[in-house]
Every structure is written in structure tokens, then in C-alpha cells.
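Inspection log for the structure reproduced underneath, given as C-alpha cells.
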Amino acid sequence: TPESAERTAVPGVATGLAVTGAGGDVLFIEANAAPGAQGNGEPELVLTGQLGDVMKESAHIALSYLRSQGDRFGADPEELRGRRLHVHVPAGAVPKDGPSAGVTMVTALASLLTGRLVRAEVGMTGEVSLTGRVLPIGGVKQKLLAAHRAGLTEVLLPARNAADLDDVPASVREALTVHLMEDVADVVALALEPATTAQVQHAA
Amino acid sequence: TPESAERTAVPGVATGLAVTGAGGDVLFIEANAAPGAQGNGEPELVLTGQLGDVMKESAHIALSYLRSQGDRFGADPEELRGRRLHVHVPAGAVPKDGPSAGVTMVTALASLLTGRLVRAEVGMTGEVSLTGRVLPIGGVKQKLLAAHRAGLTEVLLPARNAADLDDVPASVREALTVHLMEDVADVVALALEPATTAQVQHAA
Amino acid sequence: TPESAERTAVPGVATGLAVTGAGGDVLFIEANAAPGAQGNGEPELVLTGQLGDVMKESAHIALSYLRSQGDRFGADPEELRGRRLHVHVPAGAVPKDGPSAGVTMVTALASLLTGRLVRAEVGMTGEVSLTGRVLPIGGVKQKLLAAHRAGLTEVLLPARNAADLDDVPASVREALTVHLMEDVADVVALALEPATTAQVQHAA
Amino acid sequence: TPESAERTAVPGVATGLAVTGAGGDVLFIEANAAPGAQGNGEPELVLTGQLGDVMKESAHIALSYLRSQGDRFGADPEELRGRRLHVHVPAGAVPKDGPSAGVTMVTALASLLTGRLVRAEVGMTGEVSLTGRVLPIGGVKQKLLAAHRAGLTEVLLPARNAADLDDVPASVREALTVHLMEDVADVVALALEPATTAQVQHAA
Amino acid sequence: TPESAERTAVPGVATGLAVTGAGGDVLFIEANAAPGAQGNGEPELVLTGQLGDVMKESAHIALSYLRSQGDRFGADPEELRGRRLHVHVPAGAVPKDGPSAGVTMVTALASLLTGRLVRAEVGMTGEVSLTGRVLPIGGVKQKLLAAHRAGLTEVLLPARNAADLDDVPASVREALTVHLMEDVADVVALALEPATTAQVQHAA
Amino acid sequence: TPESAERTAVPGVATGLAVTGAGGDVLFIEANAAPGAQGNGEPELVLTGQLGDVMKESAHIALSYLRSQGDRFGADPEELRGRRLHVHVPAGAVPKDGPSAGVTMVTALASLLTGRLVRAEVGMTGEVSLTGRVLPIGGVKQKLLAAHRAGLTEVLLPARNAADLDDVPASVREALTVHLMEDVADVVALALEPATTAQVQHAA
């Protein structure tokens, strides 16, 4: 789609699906990294976009998961040392909360760290546990309608939300490829563009 | 049980028993460790899952206990230096509080530090004092019903809750092996799988 | 105009457009840099002017953007290390909030870091995402009226606000050159005076 | 008594007397020490048990007192450098406040630092000033009744509470040995078991 | 005047003009410096006198201004490194707020750093921007009446408050020399006593 | 008097005069010092006794004053480096606030730092400015009555409270020697016992 293609044209941006007061919507999670304090200290996390407590915790869970499991998809945890990671969710004035952006945060950070782009046609939703399990979320129907409206063609959904697909209009379901996920490492594998040799020395 | 088996398939996850608005439930406490700030400083504790004050204090008590007594079950306190320990309790949006997850926190951290899995058929509940004593908790009936519903077959309970077992339906009591505990070191000994030689260089 | 000319006569000051209780107004964003703590640590951000949460987040986004993209317009991120950046928005007692000063913050900091003045005849408004995209804002009509009243002759506006120009009186539209922007790097390129050789060793 | 004997069987635990909504009660103050941050920095104090402001201040006063006067009873202040002292007061979910646990906190920490056990038959109450003076407290009657109920046989009380002993039933007074204290160093001397040679290399 | 002469008899004290519930008043801003943490770190600012948010921000603006522009009047920014600057505004129990003490804070700190006394007959008021511009304030009439009552003979006022002088009774205006200021560097130049050779090694 | 003699028998304790709900009272300010964090960093201030904001600020003012002027009465500011100063005001559960303990705080700290005792017969009250001026306070009548009741024979009062002495009953005024003070250095000179040679290596 035009907007998600434009937004995800740089590493570190992933497309999530959210429930808002007015139905569902797509939301972009942007991550960027800067040299942190001198030395090799623990990575620092800066969070903006008027995120609520639960969504801030999701970012911490995403970072801890990547630090312990990131080497499963080529995100070397050692590269995180001494980094300052900034995660922002526009629009900046809209309060956002809830755990369902967990998979999107892991994916945005994995994209940033590997230098691989997120595929523009993919939207995703799902809580992530600290061990990387994908936990069920609410609002499946509104989220799939929003993904379809925004021109996305693939959606990654928690396996434990399979039953909620019954509520989605057939026309929308048929237009979308829905993947049911249990492990966030599989989410990342599906969502990122293949690595290219140029990405060996990526810019994170 | 399918779910607890899946959840506790990695070191650092223990199955607790909780009272919720709608009776009892099982809850998984997940712990993971990352290299902390450079050097050998004091371990840092990151807590997520919308934990209340009392439950956060339980995590600090669990860590202090392990630092002073962990060598009783092979968790070398020296290995904690310079670590960043993240303890998360899904589901991420559900507020949780109270002291009764104390034994579960000690067990999850002991599993993480020794690299030994928690036995999948075991659920537990109990407050822990700083010296490792297991103190009584509430909701024994609801918790045992929840353990049974979730397919667990062994429950670790504070000895001082022995009298509360009278309230549990006979069919449930018979289906469960209940251990009455006074010392959290015994909880850990009962709950962890035996050590294997492979775990000498565990991943904590 | 007399006031914006006077205010932007030193590097680090940019002219923004804001909506207030009484219509629109121009507002000046001032940035200054001092040697921070010894060493080459991460830059520190001091924010004054009774800024609300969202506006403070805009400043953090501006800084993160400059750290990762600043070399696109000659703001060497390395020079930010160990700096203490103070961003102030007079008048000091008036509470201010919202994301629409994002482009002005990026411009003020870019001016400070390059030593190039902001052009006195330019006013600007727009939210900035972490990747530098210019996002739409509200109050286009009031902001353009205020720019005109203050004697500004060029206005930088988010491209996605193009439709809002219909609401602006023709006399005002004709008096102003309006640039529609998608990328904040273009905002900076348009807003800053050309570099002079003297600015190679600027004072930031 | 069974409970206090069991609780005070390790160094660092002292038996206090408290007033609760339902009369008096005994309460155990537990202290433990771990290697703190690397180096010889100032000791850190971690406080748990839902302690109120005044009770937290008592712990800071106890620590400051021990740092400046601890050598009067063999608690070498130098050993406190670089330590992380955790003081916990079970039960973890019960809020507690007030200054009257001051003497008990000094005694628990003195026990921890010297490796000498607190005598199991002793309960105590009293505010402590920074210079070690024992200041009067309330609830003498309820506290002595609770001590008696719990099977304690010796009670340490502020000298300035002597008049309050008139309110205590004769049978209880006769069953208890009451010591009236002015200086917390005397409290510690009375409450700790004698040092043994084995305690020269105690475990603090 | 007796009081301002006595108060400003040491470097670091400047006389401001304030509006209170009961008309205007003079207020003294006191600054002192101590060796801060070891090393050459960033100066620390300690603020007392029950200052509100806006007035605290004024102190930060004053410090940032002096760090970037102080060499214009002999306040070497390098000397600020590693210093702990304490700014106090008696009386200590009276809450104070607002931006109009900005020029007085710059002057008190400039006096402290140069070792030059503030002239006892001078009172001042004015907001300061980060670039040193003097911005208009309220309460001109009450402030000039208070200055006159307190025996001051010179008043430094923002140029943009010139029109407010019409409201001041002629007898008071004639008794006072009013200077209209645009740049806080001029305020400092007017307010400080001339430097003497003895001040080369001043005591800051 | 018995109580103030007992309380001020160690260096670091001074007797203040306060207004309470029930008239006036004497209050003891206790200070003690411990080796702080390793190195020669800035002194740390720990404040207990349920002190309000204004009273906490008084302690910071007292410390800043001593750091810049302490050598006027033999309190070497260099000795403060790397120290942790604890100031406590019993009784620990009674909230206290207001600026009038300023002179007492300076005196207690000066006693601690010089090792000279505070004279047991002296009570004092007065706000202190950052430059050491003694500012007027309220409640003179109640405070002098309390001093007399407590058996004190000398009272140090701000000179600007001279007029309030008219309200004090003649019998009380005659029994007390009242000193009117303008400079807190004079307060310290009057309140401390003379130095002895033994105090050269005092215990701070």
C-alpha cells in the first residue's frame, strides 16, 4: 500500500494493527538507534508517542526477548550493548496502550538490528511473553478490516485467536493471507525481507 | 498439561496459582537474564506485567533470598553479579498483586540460574520471607480447583495452610499430590527437574 | 519582520506557528548547547517553557532524528556527544503542548549544530516522525493568519495538510509562499541560510 | 516460643512488638546482606513489607546509628561498606508504620553484622534517636499482652514508658521480665546471644 | 537602602522586584557555589525558597545563558565546571513563582562568578530568554512603588514594558532612574559594581 | 536541664524552639556523619523525622552555608567531601515544617564538624539565609515559654524579632538571657562549648 510502503522503506519500522475508538486502524512502530553513553553498558530504551504503562512494558519485554533470543534471527545481542534505542509510535498526541503491539515492537527492533526491511504488505498484532510466545489479543475483526482498508495483504495473528476469524466478513478474509503464530521468532522470519549481503554492515 | 508443559519448556518459567475475580487461575512467571551494565555490579531487576507494590516487593525478596541462600540449591550468587534479571507475568494487561507468588518467583529465578527446568506438572503458591520461610496465603480452595482444571497433578502449599485443605472437594484433593512446605529451599528442590551434566554451562 | 529578525539573529532559534486560545501566534524555539559532563557520553536534553508531555516528546524525537540523520544536512552526530542541549520556548509562564512544533525543533537544533541562521522570513509547523516524515497538524488557517500578521512571507506546511489551504483567505494565501513538505530534511534545507565558510568552526 | 525460636534461628531476625487494629501482635524484622555494587561504596538499604514513611525512616536511622556507633557492640562499620542491606517485615501484604520498631531494627541489623543470634525469648519496642537514645512509644499494654500470648518471657521497653506498666494486668506483668532501656546499645547487649569464637568470620 | 545594602554586601546577591498578594515587594536572590562532585562535570543547580516550576525553569535558563554567553561580562564558563550552585530566595516559607525574576537570577549568578558586588541601589525585573533577550513582565506599577518604598533609586525594566510606566505616579517615577533593557548582558553591566584587581582570584 | 543536658552530651545535637499545636516546645536536632561513597564527592544529606519541604530546604541551606562559610568557625569545608550527613529530628512520627529551625541546623552541623558540644543551657530559633543572615520567625512568646519550662536559661533569637519580646511575660523574660542575632556565625560562636585540644582529631 502507498502509506505502509512509504513508512516501512527504512529499517526499524513495522506495521501494527490497533483498535481505536472508531474501529480498527494501522499504526507504525518506528525504532532508531544511536550511540549511547560511552562504553559497552546496557542498552537504554527511550519511548515516545504517549504510550501507556502496558505498552511501555511491551517495549521492555521486546528488548529483553531480543537480548536473550535475538541470535535466532541474526540480531546479535552484543550489538545492543551501549546503544540508545528510541521507539516511537506516531501520531505523537494520541494516547496508546495495551499489550497487543508486542509482536510489532519485536519486529521493528529486529528490523533495526538486522538492517532488513519489514515487508510493506504485512500487518501484525499479538502480545508477546518474555520467552517469545505469542499470546491472544482482542479486536480481531476490527483489526482485519483496518488491514484490508489500508491495502495490506498479509496479516500475522496469534494462533490462539484462530476462532475469532469466524467474525471477519468473508470478502475481507479472502482478500487477506492470515498466518497464525505461536512463536515471535516465526513472526520475525515471516515479516522481514530476506537479508542481502549489503546488510552485513548495517547502520544500526 | 499441554499449556504448562509448553510454557515451562525453557528454564526460568514456573507455574503459580492465583485467585482472580472469577475464582482461581494458573499464572506463569517468566524470568530471563541479560548481561547488565559492564562490570560486576549488583544485579538489576526489571519487573513487568502490571505488578502491584506487594508483588514487586516479592520479587525483590526472591532475589535477596537467592543472593544469600542460592548456593543451597546450586544457584551460585556470584553469577548474579552484573546481571539484569527481567521477571514478567503474562497476561501483560491484567493487574496482579499480593505476596502469594513468592515461592513461584524464587523457583523461576532458581530455574533460570541453574538452567534446570521446572517440572511441568507442578503448581505452587506461598509467601516467602527474607529468610526463606514459607508463610500462609489465602484462596487455597480456588487455587487447587484451578490447578486441577489446568491439568496439574502436584501442588506445593504452605504448611500453615494445611487446615484449608478441608475446604477442597474430595475428588480434587484425590487427584492432586499436595506437598506442605515450610522452607522455600524444599520448594525449589521439589519443583525443579534434576540437574543434567549439560547444565553445567547453562545460558543464564 | 522586526521581531523574527531580531529573535533569529543567532543560530539555534527557529520560528514556529501555534494555535492558542486566541487564534494563532508565532512562537520562537531557542536552543543552546554547553559542554556537558566530562567525556563523550550521550547528549542531555534540558527542556523549559512549561512544555507538556507531548511537546517534550517532540524534543526527544527531534534529537534522535538528528543523531541518526543529521549528517544529511551537515549536522555531525559525533559533535552531539557529551553536549547538554537546552531547548526553551518563551514566554516562560505560558503552558504549551502538542506535536506540531516538531519541525521547528528539528530546525532550531539543526541551526545550532551547523551554525547556520534560520531565515527570518520563514515560519513552520508540522509533526515529525522518528524517521523524519512530516505528519499533518491542525489549525492551518489560524497559523497562516498569524504568520501573515507577524510579517512572515514563507510558510512550511505538511504536504498532508494541502487540503486545509482552502480555508485560508485568498489575500493571506497570496501574500505567503507556502511550501508543502514530506521530509523534515527538506524543511531544514529550505529554512536555514546557506552555509558560509566561517561556519566551519561554529560555536555550538 | 515455637514461632519466635524458629524465626530467630538465623542471624538478622529480631522479634518486635506492634499495635494492630486487633490489639497487639509480635512482628519479626528480617535483615540480610549481599555484596552490593562493586567497590567500597556506601551501604544501600532495600526495604520491603509495605512499610510506611515513618518506619522506612526508622530503618535509615538504625543504619546511620550502626555506622557511627556499631563498634560499641562489635559491629564493625567498615564491614558495611559496599553492602546491600535488605530489611523485610512479613507479612508482606500488611501495611505497617510508626517509629516504635526502631530498637528492633537496630537489633536485627546488629545481629546480622555480628553473626550473633537474637535471643528467642526476647521481644522489644521503642523509638530510637540518631544518637541511640530510646524514646517512648504507645500501646504498652497491648504489646505486653501480645508478648505474653506469643510465649515470650522478656520484654525490652523504653524507660520513659515505665508509668505505662501500671495498665498491664498483674498476671502478665509477673510472667514477663521487663527491662527499661535508655540507650539502644544496652538493648543490643541484652538481646543478642553471647558471641562465640565461630562468629569471628560470620556470614554477613 | 539599609536592607539592600546589607543583603548585597557579599557577591552573589541581587535585588529583584516582585508582585505579591499585598502589592509589590523587593526580594533578594542569593547564590553560592561549592566544590561539586570530584572532576570537571557539568554544574549542578540546587534551588530552595519554595520556588514554583516556572521560577525553577528561570534558574536553569539563567545558568544555560551564563554558560554560553557569560564570557561577554567576564564570567568564565569553564569555571562553572564541577560546581554546585545553590540559588535561594528568602523568605524560605513563602511560595514564589513566575518568570520575572529571570534578570535577577542572571545578575546574582554573574555577581557570584565574577566576584563583583551588585550595586545596592539597583532593583530589577524581567523575563530572560535563552538567548539573553529581556522579555516583558507584569506588575510594573506595584514593583516600582515597592522599589521606591525600599529606598532603591535605580530600576532595570524590560524595554517592552515602557508603556506601563504611564501607570506609575509621577512622584515615584521622578525619584527613580528607570533603565529600559533589551539584552540581559546590559542588565549585568549596569547592575554590577566595577571589577577591582582584587577580584581576579574571587571566591566562587 | 536534665533532658537537654542528656541530649546534647554528644557533638552534633542542638536544642531548637518550635511552635506546636499545643503552644511551644523544645526540639532536638541530631546530626551524624558517616563515610559516604568512596572518593571525595559532594556531601550527601539524609533527612528524617517527617520533615516538610521547607524544613528540608533549611537543611540544604545550612549545608551550603557551612560549605562556603564554615571555616569562619573552624568547620573545614574540605572535611565535608565524601561524607554522608544524616540530620534527624525526633520524635520520628511527628510531622515538622517551617524555616525557623535554620539556625539550629547550622549549629548542630557545626557542632558535628568541629567536635565541640552545644551548650546544654541554650535554645535557639531563626530562619537562615544562604549568606548566613538570621531572618525573623513567628511564635516568639510560645517559644520562650517553652524554653523556660524546659529549664533552658539562654535563648538565641533573630534581631528582627526584638519587638516580639514585649509579648513575653516579665517573669519568663527575666529568667532567660536573650541574645538578638543577625549573623548565624555569631549564633554558632555563642552556642558551642569552647574547643579543646582533644577535638583536633574529632570523630565526624
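Going by the order they are written in, the chains are A, B, C, D, E and F; count residues from 1 in each one.
Quick note on the criterion: a contact is a pair of C-beta atoms (placed from the backbone, for glycine too) under 8 Å apart; a residue touches a chain by one contact, two chains touch by 3 or more.
Bear in mind that the values here come from a model prediction, so they are computed numbers and not experimental data.
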item: Mutual neighbours - chains that touch subunit E and subunit F alike; value: none
item: Turn needed to bring subunit C onto subunit E - CA fit, degrees, nearest 5; value: 60
item: CA centroid of subunit B to CA centroid of subunit E, Å; value: 60
item: For subunit A paired with subunit C, centre-to-centre distance based on mean C-alpha positions, whole Å; value: 30
item: Centroid distance [mean C-alpha coordinates] between subunit F and subunit C, Å; value: 52
item: Multi-partner residues of subunit E (each touching 2 or more other chains); value: none
item: Ring topology as an ordered chain list, initiated at subunit D and continued via subunit F; value: D, F, E, C, A, B
item: Complex contacts: residues of subunit C adjacent to subunit E; value: 6-7, 10, 12-13, 28, 30-38, 44, 46, 48-50, 84, 86, 88, 90-93
item: List of subunit D residues in touch with subunit F within their complex; value: 39-42, 53-54, 57-58, 60-61, 64-65, 67-68, 77, 81, 98-99, 102, 127, 129-131, 133, 135
